[in-house]
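There are two complexes below, and they share chain A, which is joined by chain B in the first and by chain C in the second.
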Partner chain A sequence: MTATEQATSGTPAPAGHEAGHEEIITGCDAVAQALRLLDVDVLAGYPIRPYDSVMSAVSKMIANGQMDAEFIVAESEHSQFEIGKHASLVGARAFIGSAGVGWMYGMEALVVTASLRLPVIALVGNRALDDPGAFGVEHNDALMVRDTGWLLYWVESAQEALDTTLLAYRVAEDKRVMLPCALSMDGAFLTHSQHIVRVPDEERVSRFVPPYDLGDRRFHPDNPVSIAPQFNEDWVMEARRQSDAAMRRARTVIGEATADFQRLFGREPEDPFVDAYRMEDAEYALIGMGTVGMVGKVAVDRMRAAGKKVGFVRVKWFRPFPRPELRALLRNVKGVGIVDRDYSFGSSSHAGVLYTEVTAALYPEPRRPVVAPFIAGLGGREVSVENMLEMEDSVERVTAAGELDPTCQWIGVRGPATDPRYEQGENPRTAEGGAR
Partner chain B sequence: MAAPELTVPDLEINRRITILPLQEYYTSGHRTCQGCESALVMRYMAKVAGPRTLVTGTTGCMYVANTSYNSTPWSLPWAHTQLGSSGSSAIGTSAALKALMRKGKIPDERINVIAFCSDGGGGDMGLATLSAAMQDTRYNLLILLYDNESYANTDIQASGMTPWGAVTAFTPSGKRQRITHHRWKKNVPALLMAGHPTGRYFANTSSGFGMDLMEKVRTALDMDGPTFVQTHDPCPKGWDYDPRMSHELAVMAVECGITVLWDCLEGELRYQGISRQQVEGKLRRRPVADYLRRQGRFAHFADEDIDFFQSRIDEMWEDWILPGVLRVNQTPFGPGGSRG
Partner chain C sequence: MSVGAVDITYRGIFQKNLAGVITKELVKAARHEDKIGGTVQRYGDSPERNGIPAKQFSVIADDADSLRVEMTKYEPSNVVVVAVMDDTLTKGVESWAWYGVRPINLNLAPGGTLLVISRRSAEELLELIPRREYAWNLAILPGEPSFGGLWVYNDDGTDYRTMGAVSRVAGDLVSLDSLLAQAASGQDGELRAEQLREGHDSVRAYPVDAGVGAEDTYEPVEMPGWTQMREGLVIPAVPVGETNPLFKKYTTRTARPLVKFDACVKCQICYTVCPDECFIPTPEGHWDIRYESCCGCGICAQSCPVTGCIEMVDEAVFDSNEPLHGVYENNREEYEELRQDKLAKAGGPIPHYGIF
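Here is the complex of A and B:
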């Protein structure tokens, strides 16, 4: 029996779920509340919008005596992430975070945190990469670590941000997993928007997340180990294979942890991996990550009211990728539209990362739906309900036309986005002498 | 797992070491080059630190040559850290110990935290993290920079601490340009000392002076707060000389006044051994040609190059108010300094 199982199994479900209290707080504040409840030991911060308000909130709680932790203002993201990594190695529960190019600046440290199998948790306040400088949301920052052994999750609301922070530590620190986890939150739309959030009590949180125990890898004089000696062709493949096995096991652990979460905190049962909205008899579906889920659901309600059989699927865990869930949800759907709030220049169909992943997930299906790629909402541009309707319309059109490889469409981009001159390397607006 | 019982007495520390344990904490199992002085520095450092110590080390010779192919010479807990992360690994380690001890999650005791780095990892890439570590007085830590004056495990490329004019893989001597390494070596301990008044202890020493080195490491570990020790380590592979000359070259660098044995304990600057005698005028500095001519990396030097090198060394002893340490030639209040 693992420590996690011991901590939660046989524990009677609490009589009522009214323990805790409600607050109107932002996404960043919700994560900060979770960190307090989790008794996180070491936090390292470095300023970059929009993730940084979580560190402001935490440092204020420490200053007020509401939380007992070492908070370090690092001199770069690279140092910030290395501080988190080494604190975790000593056995401290550690928290870091960043956004946009800041996340990139510390990339080396992020990679080794994953390859050292240390359960550091990070908040990524999704932000467009430079240049040009922009504060708004794009998912490319967090996606950059998608191949390195980081668990990745995209939240939709402040409540989900708090809940997922608890879940992230529980899953990451499980002996079967021991991988870092980055929680992504759409910059501004969620980091800085206020929601009503139920903040649970400490006692219940400590029952859900047992103390962090690094076991025989703990960096302490009582345990004289050498951590990460150098090796090459003799052992590297085996080390990579262990990370792979941990990521595979994470699916099981996420399932268990989510079930326990529902039992302890009484929040409505959901699929741990995807948020499927009105998909029961859907003929068409839109798929996205993060806050576009809210817009997508409103659009679905409107289309359903108009008699269309449309649903929305929000991908929650991006790593491990929810392939079984998506296959089950989409195998009877005629047409699918992927709303990528990111790009992958030069990739299949010149689409986004989510498109590439979803199409690959569906490949083994004997009868596959038409999948239409869209890129929308880059740099923090709003994705409106109208945009969603437009995309769904387009999905229906290409499905009816039997297009097996629809062209990627940029939604809401100014100028004639579908003008063939774009593909010939010209800017039609400039060519026409219009506004640049 | 319990730590093995010590069979030798603990160190008696009163700035001077009188008893050393037989116990080694950096032992066999490494594949450093014959004549590697940095390996000796690791051994001194571990010996004097003792078993209640955590060591992190950046990428570099003392990573790839020490823990090659999943072997290890460390009987202390040791962890790799990235090339530019000596300061951040020390802060992270020390902060975690502090938090866990304060919260009663691990027993409260004195545990030494040492992060070592190289001239490349510390003096170049990780300089900002050294600076951050020296500022944060909440944490007890020692950064040890072993300076072998090049990126020696990657095929000897110039670092910011390679001596002026030396031939390296990136700064060759050619038919058109005799000298292609144009940077004068940066003085990291003085740089840190000058800019971080809250740092408790800064020291410069040499692999050729084992007792001086061990006393400085021990002094650093006895202090609360951030401390820094740099060692000058001859490198047969990078400097191109017969490995049996390693120790002699380390001593010669001090005799020539190129390496200076000094430390600064809470703002008090002190010189040790040969360097002290040189400052006090009791010992003449040896000509730098003696040192330069023994190394292949300076074999292309013309007489004028040696004269230039000598003039720079003379200047740091004759014109600087803090000889051999900090380039301040005069103050608005007169020459001042130790020589009045």
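Here is the complex of A and C:
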């Protein structure tokens, strides 16, 4: 049983967990619990839903004397992220976070945190980008940093949120990596929903994550250094190549850290990069990220019960992208459906970001499956089991038809799949007498 | 039963912690029966705003797949209990502007129980609660709405009394024994046990047949498809002097301003301070109130310079949102009788109501 399954099924904890205790907590609370266990030194925050309930949880723990940390509420996300960056630079274990356009507003501070190779951990409570103002989940916010040297992870359950916060600090602070990591959590569906969670004890956590040590990069009077000078064309490319090397090494470190985690916390071994559900002998597969995994697995159970050979793959680490795992899993699959809870207007197939990444990952395979793109669940719209069945059905259809470049389908959007008048620039609403 | 849910409908922000405790503890108690569960929050407007109707759900299941499905929905299905923390909410909830004012029992499962904390009788409440096409139960837990602080929790026992009542009306979902076992494992176990038993024993349930109750006027708001919407996120503005026909705001209200027009000095202050443009001028210079748009903030009553002219009165004693100046114009004595009647039913005006 995977950590995820345990979190949503509530089965008794494995032996290694005996020292921990069970709580019913939200995804945000679970991250806050991990921050307490990790004895994080500096937390910076600026409120925006749905990420901000982690701020409430942390301030409560500090007020109750359960946690000893500097908690700075800044005047904006930009300042908040700068505070995290500078704290990390002087040797403090730091935490930041945001959601939607708040994450965007601090973008400059986010990219410099990555280029300065500072292992700040962020929580992104995934939220639709404004406008329109909406609280619901879309993955575009966190994805905006996908090319900048941030490690990215999407969790499915509150248990995974707690576990991955521990894992994120361990990986990010590893000398071979030293990159920031953003943990993404579906707004509302996970940030504000409570799950059954096993909270481990501090002693075990401190064995898993050693103290933060920036070494000779630490900004301190005893270690006189100047950081982030103007570089220009003679130096930039070399610095980028170093970040590239760090991101490549992250794969090894994630593998080691996950194995260690499973051993220390008594979890069943599972793939560090992807959550592959009933993929053995699968002829068709659906792929998604975040809480869509919950319905994905139920849909697979139903289809398997009906005799269909279908599996679900949840991408956990998005950066580094799990190309080897996906190639191995999808090599013998006939058709694949990608469930993007994001959009990339004007991209290949006018589909989402995950589709673009998965198809690129599969390109070197001599025999590639048909890959069908879907966009679903934008702005917090529900993705139901029925939606998943509908997508799988569509995958089978385009595979049977041998379509190599299936049209991207919007699942759950109100209105027709397409409208020829609309495509020609006419607004059917106007044509039918409505105001433009 | 493989999965069932309890809906706690409450008012933000002063009941948010209350709803949080109930939903969490119900799941913890169900763990004593080897069940699994989780909780879901649901709101459109912010539950950090005063009066906003909002919901929290406990989802309790026997198996992982059932739970997973419910945890990814806006609102879980098979709601076997809707527990209402404030009886003025029985008039309907509208924290989801784009759905209109929805009946309090809209998603109640057939045969389920609407549990209301109230001092009113079943007959009085059924004048407010819409009928359903199936039979259901109305349960009343005697009590006043419990309000805590923004961060401070009002530990008055309402949480455990409500849980005790839930175990009485939905013992299959979570039993009193499990609640007692869970309470015994925490602080103040004996006090909690007493409150659980009190809630369990004092709740009164009344079967309600299909078709019994107030008229159900709810019509879901029609939402256009993507080719039928204006581009660029443009929507029509509400014309000056009119109000949004789809977003009423009145379900946020626990009390409404009632005007003694005879005392009015026509100063216009109420009109000036009202954040929702509820005050409509009458030809003689009074200000009538468009109750459909009134959120019950009380700033008009607070700002009115004449003592006893605008008073805030318990919302539950009113059954209509029609403006009242017409009654006054028709017959001043009749209006004064109506006003006195409402005040008497409500036990007088609510003192010190407004923004401080």
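Following the convention adopted for this analysis, the second predicted complex is superposed on the first by the 402 of 436 C-alpha atoms of A that agree within 3 Å, B and C clash if a C-alpha of one lies under 4 Å from a C-alpha of the other, contacts with A are read in each partner's own complex, and residues count from 1 in each chain.
By our rule, a residue touches a chain if its C-beta (ideal position, glycine included) is under 8 Å from a C-beta of that chain, and two chains touch if they have at least 3 such contacts.
Since we're looking at a predicted model, the values are computed, not measured.
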item: Touching partner for A:348 - first (chain B), second (chain C), both, neither; value: neither
item: Touching partner for A:413 - first (chain B), second (chain C), both, neither; value: second
item: Partner chain(s) touched by A:291 [first = chain B, second = chain C, both, neither]; value: second
item: Which of chain B and chain C A:193 touches, first, second, both or neither; value: second
item: First (chain B), second (chain C), both or neither touched by A:301; value: second
item: First, second, both or neither for A:66, with chain B first and chain C second; value: neither
item: Partner chain in contact with A:332 - chain B first, chain C second, else both or neither; value: neither
item: Doubly contacted chain A residues - partners chain C and chain B; value: none
item: Parts of chain A lying in touch with chain B, wherever the complex brings them together; value: 39, 41-42, 44, 68-70, 72, 74-76, 78-80, 82-92, 94, 108-109, 112, 211, 219-232, 234-235
item: Residues of chain A defined as touching chain C within the complex; value: 5, 8-11, 22, 24, 49, 131-132, 188-189, 192-196, 291-292, 294-295, 297-298, 301, 382-385, 413-416, 419, 421-422, 427-429, 432, 434-436
item: In the complex with chain A, residue positions of chain C that touch it; value: 23-24, 27-28, 31, 35-41, 46, 63-65, 67-69, 71-74, 223-231, 233, 236
item: Contact set on chain B toward chain A in their complex; value: 1-3, 51-54, 56, 63-64, 67-72, 74-82, 84-85, 87-89, 91-93, 95-100, 102-103, 105-106, 111, 128-129, 131-132, 136, 138
